[in-house]
């Protein structure tokens, strides 16, 4: 039980460094799927291993204890871990936009949510922030709506049965309700918070430091995969469906909402996020941009 | 005298546990957010105790537990009595029960949400599921294995159907049901955490899950300690009841 | 003849179950992605059977189960024999066991990941935890409640310490341990799903959780059916072993 | 059926299925018990004594033959003919008094209580009315069971090895008590035993039963007035008669014996 | 200690804690058993017979007094003095043969087997060597236990109500067997019983024990040559003597009796 990774390995070693990346099977992790699928054969400095998790807490446990080297994860969770002293760096975004606020068919405006139940996947999530901001913009108090944390997979069912009146969560769980006509997209995330930061590719510090070559190649390939994903062509969809096994129309809809073009986490967007976290009382002292975000790789690629 | 020694034992073993734990933390050099030291957990325990958080969560959990456990027990006993006396019907129900029983209540959670929503209901349902099967099976078995002498006595004294259930069968099998009830307390308390993961915003299970989500493993451990202690307490209460009943029934079990 | 009737019973009750289920789907007007109809689940079951997915997952799960269950049983029996013969030591260990036992393995998962990583190990550890306590407690209890006549006979015949354990104590308590082993099969199989939630990429539990995350409730139900059937099968195997042993030991239990 | 015949068993046979094949337990058994008599059925373990008693009590039905108790054909257990079980059959969760009241549920509460207490007094247990069965010795439990049976005022009491589980001294004492009670209540008693002394001490007639399949081999009437003296030569005479019947006297040849 | 005295109990007392207070079970018991004798201790249930036997076997230690068996002070159970338990004490998971071999673990396998078979033959169980105890009747189980005890060739065998759980016929038969075996093996036997006939039939001397606290009240030597006839007048004489001793003969006064 050691927290350090196997840092003894040199990246030039004949047995290549295996980079283990955790993910949840959501649309937001699409660049990872594509990177693995298309790049598996020709990575030079590392081997890629994707590890699927069932829930965010499980994934974070593994990331914090160094059982995986990085993850595509809700950025707030990673910030929280950083704040607790875990050495993590955000090196790229997972996607841009692509979160929707889903409401049941009888909800027409934010005010209708008053006194109703509304589900978020996690307290430390962009979805929570989006929800908060939506209420603020509509002039409602946070306490006007009954917020519950719920596993994403349970949300469509809960909405369909009227157990909750709305939810905001990663894709494709939003699209699911829209496709089966049990709900509708009340807002797109950019209507509430422009350039919202959601999932990020987070790496453990010691990997970035001790396996520079591997990290560089991994992130470069990741960004390439993002560009491929942004095409949203048949090949990309094929790959996504291989990792997510969802109905075609659900995938198509959720892809309409999302973009993978520019995956750089900018300082402005990050500062905005920090402000929200402080404002919402999610964190007293979220890590600073300098401490937490490492854009050196992405900048290198973009030249 | 005996309870004094038990107390000493408990204290000594607790101290030992804490020493080992502290040693692991020191030797392993664990980050406090990965494996909190006893002191941090002690602080967390104290904080939960003092700011009243614990009591709110504990109360909610106990209420849910009571609701799930008692409704399961009563349903299971009534059904068990009937099914135990109707072997043909049991022949049809048994296979279904046997296939459903080994499935974790967690696996059902999508359907539990569908039917029971979120919050209190799913927690209660999961506790219900965890308690239901042990009680049902022990009741059916008890009815079927009941000493036939009692039934013969009842026949011989021409005791009617109603009195047969209330005065003969139910009391005759009660010690065995009690055993099922005892096991059920354990299993259903274990599933409290799972139950309170489905959309609940309170309760000991939620407290643990929430602390874990916030990476406050000191609070997770504090929660575990409370869950353990409460589980122990519930077990002891049931055990006392069982003892008392065994005494009434004239069953002598050595400690 | 008897097994034929059992088979008929099983078939009839399965058909009944499916009819009720279809009725619920029809009456409730549930969307297939919320509550899949029997036919969709049947298709899912068939698909899993035919494309070999099931066998891979099943094999992995069974291996994990076997690893966790057998290591837990052996450790628990050896420890139980020792602790049962050393009441003073047990006095110290007992409180710790009693507090840890009622805690759901799920609550421990942050620490399990810390120590055992992801993949196979945590699943095995969780199964281990679920099996360990029932076997330990039943072994200790069995040793302590063992018929003293056997011990007296051993003393009287001047049987040495080694033979005392191997020829007297272990066989004398085996039927009681067997009961603990039986219970442990049930509880540890139930925790398979929880165990395979932490970073596992295979196994029946993973299959269910994954299907659930992909909103494929038809596959969730198919997985539940397989888990239920395997659990039933394991239970029956253990029961047969128990019967056979009871017969050897001269214990007669009515079915 | 003759007048005053309370139990009439005619040509009763019974077989049980055991390990696939039908085993004949009783074959063509006939016997009569007259009002007020005490009859013992004496036989080795497994010869079918309990089976016969179960048939008479109505817990099971014969394959062939008929059984009448108090002039009514036996179809199911009834109050007119009460069984005392080998293990007493007391309900452990009811006090002694409540156990005795169990057969009297059709009376009013007051009647029930007074009748139960009266019979507890008869068997000398009035001060144990509120005890639970497990708080009593074996002998007291048997007396409580007897009180419960008597309280119903049945016409016949069937007893299955009533004193077998008691030690010799207690057994002797209870045998005396049973005779005292019989002298007062005049209930007809049919008892089953494997104890020769017990049969000689209690019975008006002894029916000797042999096994494989169970048959009544011999009937021995005891023409000795009660109360009998266990040390008296009359007693010894009947004792020797039965011992001879089972070939248990004398320096015994180690012939193969079915135990 | 006199020559040929195999069991020597001198002024032994024993108290047990029960419900908080010390209860005196045995008080100042002395007795001697000579080589080759069969001695019975006869007493009511609860008078402390098993307690006394446990002390002699070394399963418990007396509060006061000393116990020697075969000239050695008893500190712990030993092979020289083997106990036959009330419930036979056979290990249900071992075959009859394996049970008998249990006391012979220090012999080689071949010796062990042949010795065990020899003693099984002695008790007439050679054809049941591979059966498990639960496949035998009670009488056979008791014989297997006896074979196990004899196979060790102990100097003394202690028996705690050896035949109490058997029915009368089986009991008579086994008593005869025991005497046959004793005639061959000459083992010294101390047995405890509450059956008067058994004591008279088997013993050289009967020690009558009374309760509260347990004491040896009287010693009755039986001057009747073996094999004895249960129907013979000699037998009846001793029987009556003991019945009188316990005041169990004659039309009995319903005096309060502790059952």
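The chains carry the letters A, B, C, D and E, assigned in the order they are written, with residues numbered from 1 in each.
As a convention for this text, a contact is a pair of C-beta atoms (placed from the backbone, for glycine too) under 8 Å apart; a residue touches a chain by one contact, two chains touch by 3 or more.
Worth saying up front: this structure is predicted, and the values here are computed from it rather than measured.
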Query raised in the report: When every step has to jump to a touching chain, what is the lowest number of steps that links subunit A to subunit E?
Result: 2
Report task. Sort the other chains by how far their Cα centres are from that of subunit D and give me the top one. Result -> A
Query raised in the report: So, what's the distance in Å between the C-alpha centres of subunit E and subunit D?
Result: 31
Report task. Determine the centre-to-centre distance between subunit B and subunit E, using the mean Cα coordinates as centres, and give it in whole Å. Result -> 50
Requested in this report: Report the inter-chain centroid distance for subunit A and subunit D in whole angstrom, where each centroid is the mean of the CA atoms.
Outcome: 84
Query - CA centroid of subunit A to CA centroid of subunit C, Å - result: 36
Report summary line: Residue ranges of subunit C touching at least 2 other chains are 34, 109-110, 114, 197, 212
Query - Touching two or more other chains - residue numbers and ranges from subunit A - result: 1, 57, 61, 65, 153, 157, 160-161
Requested in this report: Mind listing each pair of touching chains for me?
Outcome: A-B, A-C, B-C, B-D, C-E, D-E
Report task. Enumerate the contact residues on subunit B facing subunit A in the complex. Result -> 28, 30-34, 109-110, 113-115, 117-119, 197-199, 201, 209-210, 212-215
Query - Of subunit B, residues touching subunit D in the complex - result: 149-150, 152-153, 155-160, 163, 167-168, 171-172, 174, 248-252
Query - Parts of subunit B lying in touch with subunit C, wherever the complex brings them together - result: 5-6, 9-10, 12-14, 16-17, 30, 34-35, 91-96, 98-104, 106-111, 114, 144-145, 183, 186-187, 189-194, 197, 205, 208, 212, 217, 220, 223-225, 227-232, 234-235, 254
Query raised in the report: Contact residues on subunit E for subunit C in the complex?
Result: 57-59, 76-79, 82-83, 85, 87, 89, 91-94, 102-103, 105, 132-135, 152
Query raised in the report: Can you name the residues of subunit A that touch subunit C in the complex?
Result: 1, 22, 24-25, 51-55, 57-59, 61-62, 65, 67-68, 152-153, 156-157, 160-161, 172-173, 176, 180, 182, 244-246, 250
